[in-house]
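Okay, so chain A shows up in both of these, paired with chain B first and chain C after.
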Partner chain A sequence: MSAASRSTPKRTRRSSFVERTLVDIHHTLEQSLFAENTARQPGLLQGLDPRLKILAMLLLLLAVSLSRSLLVIAALYFLTLGLAYFSKVPLGFFVKRVWLFIPFFTGIIALPALFIVPGTAWVHLPLGLVITTTGVQTALFLLLRVGSSVSVGILLILTTPWNSVLKALGVLRLPAVIILMLGMTYRYIHLLLNITNDMFLSRKSRLLRPLSGEENRQLIGATSGTLLSKSLQVSSEVYLAMQSRGFRDYPRTIDTFEMRPVDWAAGLIVSLVFLAAIWLGR
Partner chain B sequence: MSKLPSTLPWSWQRFPRPLLVYYGGLGLWLGTTAMHIPDGYLSPVTSIIMFLIVLPFWVMGVRKLREKMTARNVPLIALLAAFSFVIMMFNVPIPGGTTAHAVGGALAAIIMGPEIGTMAVSIALVIQAFFFGDGGILALGANCFNMAVVLPYVSYAIYQALSKNQPTLSKRRIVGAALGAWTGLTVAAFFAGFEFGIQPMLFHTANGTPLYAPYPLSISIPAMVLAHALVASPVEALVTALVVAYLQRANPSTLEFVRKPEISPEMSGFAKWRLLWIVLAVLIVLVPIGLLAPGTAWGEWGAQQLTRRGLAFVPQGMAKLSGLWSAPMRGYDLPALKNADLGYILSGIVGTIVIGIVAWLFTMLVTTRKPESK
Partner chain C sequence: MDAMKNELIFEVADLCFAYDQKIPALNQVSLTVAAGENLVILGANGCGKSTLLKILDGLYFPDRGSVLAFGNPLTEAAFLEDAFNFDFRRRVGLVFQDTDVQLFMPSVWDEVAFAPLQLGVGREEVKQRVESALAALQIEKLRDRPPHQLSSGEKRRVALASILSLSPDVWLLDEPTTGLDPRSQGWLVEFILNQRQAGKTLVTATHDLAVAEQIASRLLVFDEDHRVAASGDPAEILGDHVLLHRCNLSHFHVPAGG
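Up next, the complex of A and B:
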């Protein structure tokens, strides 16, 4: 359901916590690089106005969430597949990214619902287990909704550079300070990931034997503490840098977005899809 | 709450014991992940309500940022958010060969205060949701409430209570940090379980098929709370305590950022009674736990319930008086809604607001305003 879903390195016996964290860090950096790359290549969704894309994403998420019909939710999922195809997002990656990691946990959570949601019996299994039709429906609702929602969200980030997403968040009336902080956070996540990577690598290069639990805990405390101190230090340096460049308590951005006829048309289509999904899936 | 037709009768009898044990173990394992709720678990109505609940905390944070503090806090919050994000990637080894990760919300609150902790963890969660599909986008309100509001405020309150007036290097600070982090995350897990648990009650199809998270409160709350209390919360406590201990050795000035909040006489009523307000809000949110309890409060039986309880007669005076007043929300229900559970929750909220207004009017009447001393 969360970060642990990212941590599925091939386990050669018991890998140490240092190695696992290193793998996670690389995985995250790789993901964000990949997203920036696909977002910058030409494609269907890449050409649209980011503001429109954010609103469209929210509409589609709402449609997935509001619909009471499994067929409609499935149709919305296939719509994201089509959009991914025409936006030149590698389909294998797109499907795997969604169905391999996140709903893996949801699947485990949904499984017992098959048996314990009361309803008419559908399949009798050994051990006295009975799968009910309502149970199957419930589990499918959960899996399809989670899978489709994650697909919609990932589609936005794979077709829009992060900076444009941030700027476009202005349409949601987010205060400029928040948008500024979101941008800074994203930028400094990469710096802190690199710092952490260096700390763990240097530690790993000095290890002669596996660490004991106690030593591991000491290592975690020291690394996290150092990282926190460094974060605070960097923040005051960033502040000084902002001051020296004339930051006056209020961020300003050059808004260059422009809605073209294509964007309006796309907006119309998404609105129609939304209304159709709500009406058909009521 | 006399009759409580549970919308979904759950049958544990049909569920063999080995499977129960299996899922108990699985629950523990799931507890190693923090509670990033994906989209699809919560109904849109719940998501919107959760956004509305978090909104004041965000407004408070932004306002504090604009008014009181300098622009220095902009990079500070950004870096703390980045720190929280990176901390969530640290795989802490736990007994049994698996790993769990901390949220870092308790640490941010202890170092910088709960308001800034809320902002920092919220921003980290927004980036996780948008960029890494970790936690839903519509569910951001719920996730921010659990991990960016409940966790920092609860941990901070406990840390402050235990380490008040203690020197920077005292051991009590470490204990306070650990206890605060453990309690904070466990309470947050409780709220997550609660948000899951009300879904099948409120949102299901005509034949009772749950539309969102399928398990009722009686399963979801114990599952979330137990799994977190045993696994994820100890990890949060461990990381928080280790870092506080490390900072005491290596960089004690960091622990002195937040001073004890001084209550000045000109502070607004809200600030003075902030803790009380927070506790009150938590209690209101907890109201629907009453849905779990069968029967009526002891001694609060109406005339009909008394006869049902085997009392041969109803005292005459009581019988006469019982028809005198018919409450607008009889039995804590709004019949127009046709949903007993929703009615119960709504009547709780309405009741609290009415009592609040009455109490406010009363205080206005009895207290005379002090003349301005200028």
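Up next, the complex of A and C:
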């Protein structure tokens, strides 16, 4: 079983580099395990065909991008919250996962818009700074668009097992070899994370004192080198294992998805929502 | 049946192989494997067992000597021919020692479907083969699970299912009991014996004497110089403690103080 199933150590300010790395690895593995578990529990979106979900996600993203109404975009965001609720995704986790990071990335871009977009003055600040109503509107548009789009993407990942997402990408005519490469990358990231985890655990078990900056740098160098060498070794063995089972130059895959009446009905509803969002937000 | 039993699946003569042309793995190895035989290759770690299996599977090619499979030479040139490659891959399946290497697909179902799909088996037959392999290995519940979330025993079952769906005539098994608990080990021995009863040819590499005793119809022992030290009846070889000790397969414990 992966390391994610063990109890997670806590990251503190006083933690050493080795401990912090271990905590981060645990956190990454736990997140992935949590997403897989949520995707496999019964729920509204979990029961739908993954191909439909990918197409629906694209339609919703398009609607969020094309809509010129804040209200419509906000409605689409609340729609994702509703879908998350009925798919048994913990709402607190879902909202936090989106809005904890957006202020850092999008907020930095949206902030100047408050001041530099010309329009009616709304709030006067010291140093002659003026927030305009148009500036506020522009910043809100940006934040809501990004927040809603990220929510749609995260909802897809939390309600669809990763391997089904990959297989369903075939509906977008993505070549099978690209899908196979993505799947193998995801698969072996987990293997390498577990190897890294074991390497750092064995280092931690032999540590008698905190490492100095220079020793930490040496540790990173040695670990990276070993990991690179291991990943090369694993990749060549994996290729042999593929060859052994008949792989030549192009992977042949099989699509096992089947659209049921409930999927067609969901597809119709999403199409209507898309058209309504475009019409109302024009 | 007798005629089939006399048919030679592999004929290896004077085989030498070294990694990077300097780290020896096999030294003047000669052996034959007959149809329906259950050959167990015994040897200590690093004696060349895994390398030999990869050569028998046409993944590595010898530096010297020759390997024939079903009467045809196993060479790089031969595998460039689609017909030969397809026919050989359809008839021979290798279960790798490291299941993390063998299980590269995103889900168990895809893993089991991989080999028949690559070999051009029709869509409906692939589905049928996958379902029957999953049922035979009792892993139907794991069908949608990603391999990285499975336990060692489950991974081993999936690895076996991924070869079973190929329905090969010849099984090459590399240290199949590594990392398994006693119950899974017992189950695996049953699986191997069932394959043998079904007329399959099996070549198993291991250093587990107990497993070798249970499954072998013939034993081949490698010494630490990467040579064949003995070949023959399992009871006879397993009773030769001097040979096993010389090949680092048994250990005499000397209590402290003499």
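Structural remarks
Here is the rule we use: the second predicted complex is superposed on the first by the 250 of 282 C-alpha atoms of A that agree within 3 Å, B and C clash if a C-alpha of one lies under 4 Å from a C-alpha of the other, contacts with A are read in each partner's own complex, and residues count from 1 in each chain.
Methods note: a contact is a pair of C-beta atoms (placed from the backbone, for glycine too) under 8 Å apart; a residue touches a chain by one contact, two chains touch by 3 or more.
Just so it is clear, the model here is predicted, and its values are computed rather than measured.
In the superposed model, A:162 makes contact with both chain B and chain C. Annotation for chain A, partner touching more residues between chain B and chain C: B. Shared-chain residue A:191: touches chain B and chain C both. Applying the stated contact rule after C-alpha superposition, one finds that A:177 touches chain B and leaves chain C untouched. Once the two complexes are laid over each other on the shared chain, residue contacts for A:256 go to chain C alone; chain B is not touched.
In the superposition on chain A, A:247 makes contact with both chain B and chain C.
Legend: residue contacts after superposition of the two complexes on their common chain; A:40 is shown touching chain C, with no touch to chain B. Once the two complexes are overlaid on the shared chain, A:225 sits against chain B while remaining clear of chain C. Counting contacts by the rule stated earlier, residues 1-2, 162, 184, 186, 188, 191, 234, 238, 242-243, 247 of chain A appear in both its interface with chain B and its interface with chain C. Listed in rising order, the residues of chain A touching chain B in the complex are 1-7, 14, 16-17, 20-21, 24-25, 28, 31-32, 35, 57-58, 61-62, 64-66, 68, 97-98, 102, 105-106, 108-110, 112-113, 115-119, 127-130, 134, 137-139, 141-142, 144-150, 153-154, 156-157, 162, 165, 175, 177-178, 180-182, 184-186, 188-189, 191-193, 196, 213, 216-218, 220-229, 231-232, 234-236, 238-239, 242-243, 247, 249.
Those residues of chain A that touch chain C in the complex are listed here as 1-2, 33, 36, 40, 161-164, 166-167, 183-184, 186-188, 190-191, 194, 234, 237-238, 240-248, 251-254, 256. For chain C in complex with chain A, the touching residues are 54, 57, 59, 82, 85-86, 89-90, 93-94, 96, 98, 100-107, 109-110, 113-115, 117-120, 123, 126-127, 144, 146-149, 151, 162-163, 166. By the touch rule above, chain B contacts chain A in their complex via residues 8-12, 14-16, 18-19, 23, 26, 30, 32-41, 43-44, 47, 62, 65-66, 70-72, 74-83, 85-93, 97, 99-101, 107, 111, 119, 123-124, 126-127, 129-138, 205, 207-215, 238-239, 242-243, 245-247, 250-251, 254.
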